[in-house]
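Per-chain numbering from 1; labels A, B and C assigned in written order.
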Amino acid sequence: MNVDTEHAPRTSAPAAAQPIVDVRRTRRVPGWAAPAVVAVLLLSLPFSTLSLPGLFEGTLNSPSTLHLLATCLVFGGLATSYDLLYGRVGLLSFGHALYFAAGAYLAALLMWTLELPLLWSALIAVASGTALALVLGAVSLRVSGIALAMVTLAFAQAGSILVIRDPGRMTGGEEGLALNPDTVPGAFIGVVNTVNLYWLAVGYVVVAVGVVWWLGATPVGRVWQGIRANEQRVSVLGVNPYPYKLAAFTVAGALASLGGVVYLLVSGGVTPAITTAEFTLTLLVMVSLGGAGTRWGPLLGAVVYTYVDHRLLQLAASDVFDTLPAVVRAPLSQPLFILGTLFVLLVFFFPGGLTALPGRIRAALRGRGRAAAAS
Amino acid sequence: MSAAPAAPLLDVADLHVWIEGSHILQGVSFTVADHGVTSLLGRNGVGKTTTVKAVLGLVPRTGRTVFAGRDITADPTHAIASLGIGYVPEDRGVFAGLTVAENLRLAERRGQTPRYELVHDLFPELAKRAAQPAGTLSGGQQQMLAIGRVLLNENRLLIVDEPTKGLAPRVVAEVADAVARVAEEVPVLLVEQNLALVRRVAGQAVVVDAGRVVHTGAVLDLLDDAERTRELLGVSRTSAPATHPQGGTA
Amino acid sequence: MSTVVLLVVTGLGLGALYFLIASGLSLIFGLMDVLNFAHGAFLSIGAYATWWASGHLPGAGSDGFGFLVSVAFGVAAGTLAATLVELGVIRPLYGRHREQILVTVGLSLAVPALIQAVWGADPLTFPRPALVSGTVSLLGAAIPTDRFLLIAVAGLVLAGLLLFGSRTRYGLIVRAGVEDRAMVTALGIDVRKSFTLVFAIGGAAAALAGALGGLYFGVVTPFQGTSLLIFAFIVVVIGGTTSTVGCAVASVAVGMVQQFANYYTVAGLGDIAVVIVLAAVLLTRQGGLAGATAGRVA
């Protein structure tokens, strides 16, 4: 009799009474407009000498800014791959960081120990990460709900322990691994070439977002939607959800591994920080911040989160904060405090995330307009 | 001098329930008198259990539910139960990890003296097995505990959902006896597929089909009409102790 | 032989620490369906409050009775924090499971960061009362005294929780509620009041774990709670949420497996053994989570 009850039962009638949208007012914007704008923006940034003081340390095309943006984009792609699981299929995985870290660490290891060139290391790392996702996914997806969350957490934790304790003296333990400059094409080494790293990150985001969007529009994507809404109904209709869930898990893992390799190049190294459960939780925060299950939400949330995270550290290291009283300065220099608190507030007031904001504002304005018209 | 018809104890109007997108109850309306037994009848899966759960607020619902003159449509379950409704769910709802005595103690209500004597009189087994974990009781004993729990307090209405389901024939008779005895004192809303029990306690019948009420009237009138019974309830034998159909939620 | 004795007792000690964290976590998840990631934050609050009190609170100290006062202060701080979290953050989101998990995640990031902002990221030396310093000789093994303290305290907490469950009305409500919350409401009982109580109990136990963890590790760090929390989750999964004794048994099992595996295999891989046990339990009988469906979190 364990029904999920609520003390003030909400009516669950389907939304029959939605406000009639004024068709004349909404312009029919073509579906490709938003991606086109974003693409133009991303492509033009490295050529812009625009300076946004406060937001960025240098001009838009300066190495430090491009590096920050590249990092933001890498996490944007990673968050989108996580959203495939969490927002689109409804699978709560606490172990996504494992595949990201696997891609990064494997690539770094291959370049150091076997001195394989970048391309080969990347290919093997991504293939291995995908295989790992396939195997672990096959095992983990035999359960669902909280049990799935715990199993994925367990596997990721095992990976994290392996990396940190470093039994084979390979992973660099707490220190991590640096990128082996000998095996990487010169185009990716050096501050001058930061812009190439930026292009790499843009390429990754395009791939990650493209794959997730495209799959979402196929019949497979519709089954995923169905699983997210009501898995039981899907199986009653004669479709076995398991292969679809496994496919999503594997694709997400593959994209994460690819992201790991790109991250390795952009950061110039890897540390165990990306293997922790905490890191996967920040992925969850990023996705929810932007809006889970939406087209742009995870990307936007990740960019905002990463930007705030890095920018606050930059500001704390500079002398900008010195004028503030210690009581304010100390918490401000802890990005996680700001982000965590903001996130809690966001969950309360904007549960749909940032992408739901425009809609909420529009609805609020409409309501006020109506009230004003009525008075 | 003819008395005006008494106001119904429970008045349910236009109950709609959606569960995971399925429109389970599509406008259920019926009343329960303040005496006797009202039997909620129907085939498997028509929405009988969902109806009683909706009355109790255990599932989100729209419509209007009035109990003893008070609108309980938006009330939370614990408030509804505190008004004096005792619930014996389909799966008995006994707490397996608690002892029999603890199960009963949990049902005690503030401001009311628990009627342990009555319960132990009716179900001497419960007194004997007071320290036994409820999870180790047999199905029939658990049913007695579930019924005993709602008798502990002076409730104004009992909602009993398929008390004889899944029990061995001998136990069915015992439980049927208990329900019949209880029904003499307190108004009962009974969900049952065991038509022998339904016939025994008589009273009113409310027949549900595909999420709607399709028939109301006297139980005996319905059960004596074999064709009607078969049409509405899908069974042909109404007088023998039923081998009740196995199956899913009502 | 003496090695085995040492491993057994230290395993028990570690299990005791896990039990202090997992008991509250298990009650909260069992009764409220909330995956409380903020539990590690309660632990850190307890640890740092105890540390602060031992150095700054008049009447408290780092030894003898003063240390007890410090620990009491730490426990009070953790209890208060947990109560505030339940009232201010969890309760308003009643019925919205996904959002509840998200806010505890947010808190799990924000609170240790705040602690780090105030006291820095470096480990702080935790006071070590004379009574629990040194070792005790048992069957040829030299066992650190603080392990015995851990075991004793955990035993007391276990006894306390069992008494609470069987002798008090709220305890009865909680025991029934972890089994079938809906039926408890159908009996006319408003379970929401028990929610705050359960959070407070969990916060108290976690804070106590933080203080004793400080003894165990010798230092306190801001994110200590988060790393211990994962093992507590493993215990809750293995032990289930319907029995305090089950939780205790699972805690001891996890602690033992970890100690023995860490000793007899390459150091560090023992923790992986625990993780493997978890995966095995989940995949064979879903541990104590049978019944938790995807609908609860998605």
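Keep this in mind: a contact is a pair of C-beta atoms (placed from the backbone, for glycine too) under 8 Å apart; a residue touches a chain by one contact, two chains touch by 3 or more.
Please read all numbers here as calculations on a predicted model, not as lab measurements.
Chemist: Which chain has its C-alpha centre farthest away from the C-alpha centre of subunit B?
Modeler: Here the answer is chain A, farthest from subunit B.
Chemist: For the interfaces A-B and B-C, which has the higher count of C-beta pairs in contact?
Modeler: When B-C is set beside A-B, the one with more contacts is B-C.
Chemist: When you average C-alpha coordinates per chain, which one falls nearest the overall C-alpha average? Tell me, please.
Modeler: Minimum centroid-to-centroid distance belongs to C.
Chemist: How many angstrom lie between the CA centroids of subunit A and subunit C, rounded to a whole number?
Modeler: 31
Chemist: Suppose each chain is reduced to the average of its Cα coordinates; what separation in Å results between subunit A and subunit B?
Modeler: 51
Chemist: Return the distance between the CA-based centres of subunit B and subunit C, expressed in whole Å.
Modeler: 42
Chemist: Which subunit C residues sit where two or more other chains touch them?
Modeler: 180, 182-183, 185, 295
Chemist: Which residues of subunit B are in contact with two or more other chains?
Modeler: 20, 58, 76-78, 89, 93 - these are the residues of subunit B that touch more than one other chain.
Chemist: Name the residues of subunit A that each touch 2 or more other chains.
Modeler: Subunit A, residues with two or more chain partners: 1, 3, 5-7, 10, 230.
Chemist: Show which residues of subunit B lie in contact with subunit C when the two form their complex.
Modeler: Within the complex, subunit B contacts subunit C at residues 20, 56, 58, 76-79, 81-82, 87, 89, 93, 95-98, 102, 105-107, 109, 149.
Chemist: Which residues of subunit A touch subunit C in their complex?
Modeler: Within the complex, subunit A contacts subunit C at residues 1-7, 10, 90-92, 139, 142-151, 153-155, 157-158, 161-162, 164-167, 228, 230-231, 277-278, 281-282, 284-285, 288, 330-331, 333-337, 339-341, 343-344, 347-348, 351.
Chemist: Using the touch definition from the top, list the residues of subunit C that touch subunit B in their complex.
Modeler: It is residues 166, 172-173, 175-176, 179-180, 182-191, 242-243, 295 of subunit C that touch subunit B.
Chemist: Looking at the complex, which residues from subunit A come into contact with subunit B?
Modeler: Listed in rising order, the residues of subunit A that touch subunit B are 1, 3, 5-14, 229-230, 232-233.
Chemist: Residue numbers of subunit C touching subunit A in their complex, please.
Modeler: Interface residues on subunit C, with respect to subunit A: 33, 35, 37, 89, 92-96, 99, 102-103, 105-114, 116-118, 180-183, 185, 192, 223, 226, 230, 233-234, 237, 266-269, 271-272, 275-276, 278-279, 282-283, 286-287, 289, 291-298.
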